[in-house]
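In what follows, chain A forms one complex with chain B and a second complex with chain C.
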Partner chain A sequence: MTTNPGTRSTRAAGRALRLGGSLASVALTIAITLLGLVALTFFIGRIVPIDPVLTIVGEKAPPEVYDRVYRELGLDQPLITQFLYYLRDIARGDLGQSYTTDRAVLSDILRFFPATFELAVLGIIIGVALGVPAGVIAAVKRDTWVDHIVRIVALIGYSVPIFWLALMGLLVFYAKLQWVGGPGQLDIGYAYSYTRVTGFILVDTALSGDWAVFANAVSHIALPALLIGYYSMAYISRMTRSVMLEQLSSEYVLAARIKGASEYTVVVRHALRNAAIPLVTIVALSFGGLLEGSVLIETVFSWPGLGNYIAQSLLGGDMNAVLGGTLVVGTIFVLLNVGSDLLYRLLDPRTKAAAQ
Partner chain B sequence: MSETAAPRASALQARLAELSRFARAFRRNPLGMVGLFIGLLLILAAIFAPWLATHDPYAPDFGGRLTPPGAEYWLGSDELGRDIYTRILYGSRITLFIVALVIFTSAPIGLFMGVISGYFGGWIDAVLMRITDVFLAVPKLLLALAFVAVLGPGIVNAALAITLTAWPPYARLARAETLAVRNADYINAIRLAGASPIRIIARHVVPMCTSSMLVRVTFDMAGIILIAAGLGFIGLGAQPPLPEWGAMIASGRRFIFDQWWVAAMPGAAIFLVSLGFNLLGDALRDLLDPHAVRRT
Partner chain C sequence: MTELLNVTGLTTSFHTSRGRVQAVRGVDLTVKPGEILGIVGESGSGKSVTCMSILRLLKRQGRIEGGSAVFDGRDLMELDEDALTDLRGNEIGVIFQDPMSSLNPTLTVGEQVIETVLRHRNIGRRAARARAVELFEMVRIPSAATRVDAYPHEFSGGMRQRVMIAIALACEPKLLIADEPTTALDVTIQRQILSLIKELQGRLGMAVILITHDLGVIAETADRVMVMYGGMVMEEAPVAEIFALPRHPYTRGLMASIPDPRTAGEGRLSPIPGTPPDMSDPPKGCPFAPRCPVAMRVCAEEMPRLYEAGGPANRSRCWLMDEAAPARAPYNTEDAA
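Take a look at the complex of A and B:
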């Protein structure tokens, strides 16, 4: 079929317009969802039974001081005005003061985030490296013993309470077998033999040039990283398997087979390539899950990350820190969620067609 | 026999036949049977805890502190000399209570939101689904933690917090099912016959949602148990001396290297129960949900 250049360029323009439109709608979705998230944390913050004025002025403050602070905090304003103040503060990066650390919540979060991020990145690398091949093989060898093993390993992964598995891991691999380091990022003896540069313990200890410190950091991060790696592998392998099964049973795979393509070509070049798009979403969601799960896993490993910070603040009744942490993790979560959705739309021509 | 009784009896017969067909199909799935068995075990343990127990779940016995598993304490004893087996038995009541409370609140809320949204469409749909999306997009565990932190720790508050994060998937599901039947011929026929929207929704739309809701509920039970245990572990769920499994792990954490059973045993109970519900959910989905890709 021949198309003249004119229609081709209008078509391209139309496509660009549609893309622009879908980008705008995605931006709107992100904005509304984030606004909803902020509204949720605002609402939670408002129903706290603690009087915010009293925590500032103390029990014995005279009434006029109390009234002044009450007005300064904007508590005499209508709720909607208070919400707008809250939005303005957040836009300025002001998440309030942490009651327990006595620092700005945002600076606390920035300080603790790298440790969580490092662990989650290692976890997701392990999860993808093991989960995707396992899911593909399970789908190809469907209903054989390989498939059953992959499914059972995955089933155990998302049935087990992760904090309990972490404790058992410490018991077996640290206390009994002594293969790995214990809780924390380093042995106490090494704690002062490196300088904090990036906040990523592996990078910082490597930069210090002392390989004994680096090796110690590796031995400490190995167990939590492997555990959350297993946890995300359980989810990724299960989803990969079901996505691949769907692809392998579609007609284009049959066509490729009839054409005489080798099994490798059919599975890797055709089916896996088409499965890649939903897989991006799955990996993004699973990464968000790891950030959230850090609250439990970091508590067990005394890992100085955001999860541990949130857990400690929860127990200390430090709501500014809790809500700030929830807001930050929630924002990353939403961006991953909607971002992967956007990627899906950009990469998959069928969803574009369906959206019209 | 009156004239109306006959069709009713045959309808009952048809239901029973369907049920027995279902039971036969279910029996062919061994993993599903294992899941069902674990679920029944949990219910039986909760009902008969006082008769199955070997000790008092609360009374401390300082002579028998931190005893390893053996003839006296089947699964060992904790730091106050309480029998862990007995406490796990009683803990099954708390687990069941939380799961039931969450399911019986979040599923109806989700069903209501989803059916209303799907049936009426338009701006109602847009608003309700935006709200649902916000709740779906924020991290569940963190949201539950923040809610419990302000509501105060405790079993009921923990369950309420989990409910607040658990209803959105049901709303999505119910909306999808409603959209699928909204313009079906039989619904139009009932509408033409003059049925009110409430009647149509209650009698003809909601029943269409039940099988997929049931599958989803079974799957969610495992997740609810894990989140509830997580709240208990952090210290925001059930409070001591209640024998909640997550809280038991938290108190056993101090002795993990020397008296491993204190934390290990309740964790094994959580694992077993959540595994059971996942197996059951898998089996039910294969049988009930015609939309899902067959994964067995």
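Take a look at the complex of A and C:
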């Protein structure tokens, strides 16, 4: 309106410059963290008492075969050389061969990851949709019965083991009531009535155009999604409550009340707006937790996800698969953290300017 | 002239885990339209709680246990929440001590003025924004038209306090409550802010309650002064009279503890020895008795009432004002000056 256009454009330019600078420093952080992660998986791979040569050649192989494979794997080289080879392979996207599935680990991961991701996305949607409002209401109605109920529900989510809830859920809603589908992504009869396109079962079955298949997929994913959604909700509602309590007792909230702002304005426009900044990090952490902590749920529900894949590979002594999977999950976690940090800085006008 | 605000018997306590803290114990106060009432007293004497009780904006554990506060014909203690929010920010404006934390860091300063105007005035955003710029000019924020789009962190403390003043005055209130508006600022900025408040008060004709620790500020700014201690009014008088003739021993103590502008440089600063009473277990007699240099036996036993002392507008809560008190110089009223 009355703003001097000159000032505004210099400001925008300065902001863009600072953003560019902060992106560079973020890229450096990511690179260093990932290098650390790779080094970690590499050394874990060397320390574990599983002989990769034996896994390939078998117990009864003659010594010359053993030696040949030993050299082929580069195990006769010094550690640092091995590490550099390892880095080079990873940079090429080569995570090695899985001995149990006989496929490249990367293609295995790409195959199993969508199922995990789909479940985690549904979980975080449920967690945010229920957890944020619950936490806000609990904070506003602090120490009333509403608050107590929210806290008890969250506490149960914290203290009851997830596999137990999963088993109970299957027992009640699948075995007894028949409200939901059982383990797996589909009933056996539907397994071949859709084409895998994206790897997300809900998307692929919807694309198939057969609503019976889609409905079946929904009935299968409902229980695991609700369960991890519940866990995410427990965490998010608790964190939202405490962040909101802090904001509600701040001076600027009192100042808003003094201006005559309605309770809704005070809570949503002032307190929640400020709470949203730390909440971004909380939600990202919760999502990362859902991705990485899905092993138990995936095992109970025979869900063909990454957690299940890593767990099976571990049992089979398939270290390439285990380390490759760990590397991927770790990378996603790092990216989530960095992404939420960037978002955090963009949301907060103080760091938006200071992000240099 | 009839009063704008008439508070009687205001009593407020905080129910904490350590018990009941009696922050305000039966405060009476009046403010006339257009006058500046100064409230002084040491930390913890109940100045802020008195004002927040009048606005009915106490922290969670606070309870108003008695009294009335009639503002412009309505008892604020009886109003419902809707009527109260219509009044806050509209007919009563408030500025706090700490301008650093009383602005929302995620909204532009202009937005925080605009929302106040939109809340109470039936005008559009464009007009509200123009009003914000006008207010920024009024409180003398340089390049007001561009600065409305800045965020609080881009402002210095003094500038933020100007924003707070702009917000408080956005709807031209009849009463401005300024709770230590300059305590958190640099000395040079303090002067500017105070003279700004005084100037705007004159221009807009509103009444002001000015809370401060600083008797010098009162001397320069206020028309009338009320001295608080232990959640009670200790003394009340027109400013000229209280500086010429402080009647209450506590007021005298406060005055001895500030550098007198006339005797400045001599460095005779003697803060009152001792500490204010614990308000979760206040003394049953005069709250100042444990520290009072002229305390008598009755003082610790019985609470003195507020005596009329020296004029119809002068009150003093001290046994020395009682007819039965021994005529003791220099604390007797006549020859103290």
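For the reader, a short list of remarks on this structure follows.
In this section, the second predicted complex is superposed on the first by the 307 of 356 C-alpha atoms of A that agree within 3 Å, B and C clash if a C-alpha of one lies under 4 Å from a C-alpha of the other, contacts with A are read in each partner's own complex, and residues count from 1 in each chain.
Definition applied: a residue touches a chain if its C-beta (ideal position, glycine included) is under 8 Å from a C-beta of that chain, and two chains touch if they have at least 3 such contacts.
Given the structure is predicted, the values throughout are model-derived calculations rather than measurements.
Once chain A of one complex is fitted onto chain A of the other, the partner contacts of A:Q97 are absent, as it touches neither chain B nor chain C. Of the two partner chains, chain B is the only one that A:E246 touches; chain C does not reach it.
Of the two partner chains, chain B is the only one that A:L167 touches; chain C does not reach it. In the overlay built on the shared chain, the residue A:S208 is in contact with neither chain B nor chain C. Look at A:Q82: by the touch rule set out above, it reaches neither chain B nor chain C. Of the two partner chains placed by superposition, only chain B is touched by A:L315; chain C is not. With both complexes superposed, B is the one of chain B and chain C in contact with more chain A residues. Put simply, chain A touches chain C in their complex at residues 1-4, 7, 142, 249-252, 254-262, 265, 269-270, 273-274, 277, 347-350, 353. Listed in rising order, the residues of chain C touching chain A in the complex are 55, 57, 59-60, 85-90, 93-94, 96, 98, 101-107, 115-116, 119-120, 129, 133, 145-146, 149, 151, 153-154, 164, 167. Interface of chain B with chain A (complex): residues 130-131, 133-135, 137-143, 145-147, 149-150, 152, 222, 226, 229-230, 233-236, 246, 249, 253, 256-257, 260, 263-264, 267, 270-271, 274-275, 278-279, 293, 295-296. Residues of chain A touching chain B in their complex: 29, 32-33, 36-37, 39-41, 44-45, 47-49, 143, 155-156, 158-161, 163-165, 167-168, 170-171, 175, 241-242, 245-246, 288, 291-293, 295-296, 299-300, 310-311, 314-315, 317, 319, 322-323, 325-326, 329-330, 333-334, 337-338.
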